[in-house]
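The chains carry the letters A, B, C and D, assigned in the order they are written, with residues numbered from 1 in each.
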Amino acid sequence: MKDIHAMAPPRGSLRLRRVGVAGLKKPLVVARPEHLTTLTATFSVAVDLPSDRKGSDLSRNAQVLAEVVDQTSTHPVSGLEAACSVIAEVLLDRHPSARESAVHATAEYFLARGISEERRSLENYLLIADARAYRAEDGAVSVIRTIGVEAVGMTACPCAMEGCREQLTREFPLLADPSLAELPIVTHNQRNRTRLSIELPAGIEVEADEMISVVESAQSSPTYAILKRGDEAQLVLNAHRHPRFVEDVVRELLSHTGRQFPQLPDSAVVTAETRSEESIHKYDVEASHSATIGELRAGSSRP
Amino acid sequence: MKDIHAMAPPRGSLRLRRVGVAGLKKPLVVARPEHLTTLTATFSVAVDLPSDRKGSDLSRNAQVLAEVVDQTSTHPVSGLEAACSVIAEVLLDRHPSARESAVHATAEYFLARGISEERRSLENYLLIADARAYRAEDGAVSVIRTIGVEAVGMTACPCAMEGCREQLTREFPLLADPSLAELPIVTHNQRNRTRLSIELPAGIEVEADEMISVVESAQSSPTYAILKRGDEAQLVLNAHRHPRFVEDVVRELLSHTGRQFPQLPDSAVVTAETRSEESIHKYDVEASHSATIGELRAGSSRP
Amino acid sequence: MKDIHAMAPPRGSLRLRRVGVAGLKKPLVVARPEHLTTLTATFSVAVDLPSDRKGSDLSRNAQVLAEVVDQTSTHPVSGLEAACSVIAEVLLDRHPSARESAVHATAEYFLARGISEERRSLENYLLIADARAYRAEDGAVSVIRTIGVEAVGMTACPCAMEGCREQLTREFPLLADPSLAELPIVTHNQRNRTRLSIELPAGIEVEADEMISVVESAQSSPTYAILKRGDEAQLVLNAHRHPRFVEDVVRELLSHTGRQFPQLPDSAVVTAETRSEESIHKYDVEASHSATIGELRAGSSRP
Amino acid sequence: MKDIHAMAPPRGSLRLRRVGVAGLKKPLVVARPEHLTTLTATFSVAVDLPSDRKGSDLSRNAQVLAEVVDQTSTHPVSGLEAACSVIAEVLLDRHPSARESAVHATAEYFLARGISEERRSLENYLLIADARAYRAEDGAVSVIRTIGVEAVGMTACPCAMEGCREQLTREFPLLADPSLAELPIVTHNQRNRTRLSIELPAGIEVEADEMISVVESAQSSPTYAILKRGDEAQLVLNAHRHPRFVEDVVRELLSHTGRQFPQLPDSAVVTAETRSEESIHKYDVEASHSATIGELRAGSSRP
């Protein structure tokens, strides 16, 4: 059969940076420290296309995903980013004319968490992973992996809290009593969605579960599915005792990340992104920043 | 050319209840009391298909939408539900073998609103409209219209507020002072999305703007784009002085609707749906109910 | 602590039809004939609320989901609809003042399928399940379950094919040669999304895998992740040899369903819904219909 | 009132790259050559935050949007990208401590198009615009604008067409007759979504309508809402006479763009992104590339 993909494209054609498949869903079996878990993962994979080829052999992409991911039912991988890394390498192997490959995957993920031991149930988080493989002139392949997590928690606004304190103190003069100085004051609070991504150097690993804990500690409070009445109050009070702007969430998150992962070299790049679905507005507020672990470590020791 | 649609389907074929087009976008020009406004509307329109026809002439649906909607640039309609009503009738006219037609449309809508006169800006709402036309045996056509609105506002939880009051009073005994009895207490608050739909009898009209006001009065507080610092506190305090479950929102909304629209007959059906994007959970809470205006009027006079 | 939910609402309050939680995600372990599989399921659960209670104890809903679903990691269920049925019953048990409960769940689902044995890989489908439990005056509880599946496949349009045949025959008179009477002719084809739902009487089961096969046989062709070049041609030719309108897909699907499941009583209600993401338009076309198995059986034997 | 935003954050805090509001919806009145049109636009706007400030004054962002966008009802702008550019500059003005601002907006857009003059109706497209403003050390502000469009059209696959030709020729030997050499052969075709973005140097303008035409000419065929039977065949045949991979779409699009806009300097950056919602797969295929106009001009003259 005529190989249309391998034909020469029109004169003067460009090399294309990315050609691939997107939104391909697969079950991925991951071995966690204590047990196996099956993720429903969504993959996008692509390679570049040289200027002298008309098309990329996209069926190879689906084939690679089937080989690598389907076989985890018998040979589990250690994590979503590990799967992406293997896929990125095998892609370069199957596309001999490509110089780089890119893999992106997301999956819902569950951890047993609760406001107390007896309230624990499976809470949902999002895993995000990327891997990019590059083939050097000498054929050597290098891979850059990124591991990411997203957790939904709560933020309570420190600014509206201060405004309410002032208005309420005018209306209720007793509020100025020193014994009430630490009384949590009403403010707007809301669902907050925060993402942490870390670019992993070869041979260095970071646990997604630990990243999720770092994200939750940067929000005003984590949230839970099961909250009996006393628990609701406890969670609300916790959030109001840690009022945070989206700006605070990003800075807290980056600062914790700089201290929490000693295995990361100074050159590793970290990205924090947060979005609060404001209860007082119809729109969201966002903050984001990227920095190297070295900058974060310097920052936390800076006077 | 052979008319495939008009061919007989296989023996024993069923009449089909709905065949149509979905997700067709159009600009619709609406004449409001004070000005013209252009909505970006999304339409789905369908008719039934008799058992002796293989296919429905779907190009007629797109043609009807083009005729009715495109011409509003020169001949504006009075509202989204008025446009749907005309479309439903014209559809029956163009599909002589159909007995019923169904039109559904949604559009973002804007009103100048603010926490005070000098903070007014254009806030976004959603309009939803439905129309169903029926052809009787004698050829007479009747249309049932439904007008709907959705507003995003805020709810503050009365239960967590009570729980926090109890825990805080143990920690801050001065809180029990009678002068603080009305002090707003912290709770979780969140974005709330509430929808009101009213089935309109022939000849009866209801203003979408008035429906939006009724929805906003049923939430703990409306929300606004522009809030300077004092405004934020005012909105937060307002919401905490009207703590409401989703159950409260639905009951408030239905009760207000029963009183607010004297032009509606007792037989008109009203539906209220609300969804709070809980700040303390990763999931939403919902409530909904349908009732006739007659039931709502009886309820509000019930002891 | 004061029980706000149990308090009396304002005078003349309505009973509410639905109060619940929505969008709660959980991993659900299902025992399939040959193996265990973990679904990432999304649940919405609700009960009614009597007129004399202010609020519904929503934390019980999350608690029930945690109990029933989390324990499937050690005690797998037979299917998504079986899980929903248990949840609906337990909800009524935990909400003594409720008269009905409603559970809705969806989950991505995977089956090993391929255009040939050596091309098999895990293809993704959607499972949809509903269960409603009712408590009679005498306390007896009955449950109505619905099992649904959605499959993405392909439709090829019979009408444009006929139009192209006529235009092409004018341009290429040789096309009229009788030896080419069966030649597949170009038309528009597209991604089609079709859903089949069956209301299951007590004690009657239907396999989701079998329902998926019925859906795929009603489309012009199923689709697959892995298609080498010859396979692509085979799939395209198969689709063009079974050109189908959305109307045809619904009728085929209902007709097959009437014959395929002898265990269903005549009273069981079946719903077919299909949506083609038309390649020649920016909008979709849809068809849907509901019928009893009895009607479908009569139809298929009707002359 | 205490200004929480202006307070010093904890020691060693980072400057943050982006803090802003997202998903704010507004009607925007645009003056087109022949008429006024109202877009329903969605805006995200952000600025950076210096390391010595705790928070960004986000209410100013909503205020700027209200001022600039709401006033277009009386003072229309020339386009979405013009509005974004003004917003980016005013943002820097209102955030004196910021060094850069970023504005992103999207809006549905309509043009009267049709397969023939008498079939014209309003077809929907997407406008995308970005503007970034930078404040230099000396206070001078520069703005980089990007204008983008997205059009939904159709692609027909050249590879499956070749595979089908080979299989069909074996089955129908008459197909090898030279008079049928140009006969369009069946293949899979599908909805394709293609986006073109151009970074505009100061003082240079490009018409969105012209960009949309360039995108549509890069697809196998544009698509239309109204297609009577003969029209459907004409569109299908047109697409099958221009079979294109996503790779072809990107290369065609970049190549046309290099020739179509003489007003652009060689340094202007162009990005093409395309996604085909494959009818033979459950997933999409994608291609994308960025290049300077200079590279594209050199390419089209390259032997």
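Just a few scattered comments:
The working rule: contacts are C-beta pairs under 8 Å (C-beta built on N, C-alpha and C of every residue); 3 or more make two chains touch, one makes a residue touch a chain.
This is a predicted model, so every value here is computed, not measured.
The fewest steps needed to get from chain A to chain C, moving only between touching chains, is 1.
Of all the chains, the one whose CA centre sits at the greatest distance from that of chain B is A.
Between the CA-based centres of chain B and chain C the separation comes to 27 Å, rounded to the whole angstrom. Note on chain placement: the centre of chain C and the centre of chain D lie 35 Å apart, centres being C-alpha means. The geometric centre of chain B is 31 Å away from that of chain D, both derived from CA atoms.
Among the residues of chain C, those touching two or more other chains are numbered 1, 24-25, 62, 124, 159, 163, 166, 225, 227, 229-230, 232, 281-283. If touching chains are joined by edges, the resulting network of the protein chains shown connects every chain directly with every other.
If you check the complex, the residues on chain B that touch chain D are 1, 3, 24-27, 37-40, 59, 62-63, 65-66, 69-70, 107-108, 110, 121-122, 124, 225-230. By the touch criterion stated above, chain A contacts chain D in their complex at residues 1-2, 4-5, 9-14, 16-25, 44, 46, 49, 54-56, 58, 62, 158-159, 162-163, 166, 245-248, 250-251, 254-255, 275, 281-291, 295-296, 299-303. For chain C in complex with chain D, the residues that touch the partner chain are 123-124, 152, 154, 157, 159-160, 163-164, 166-168, 172, 174-175, 177, 179-180, 182-191, 221, 223-225, 227, 229-230, 232-237, 239-240, 277-283.
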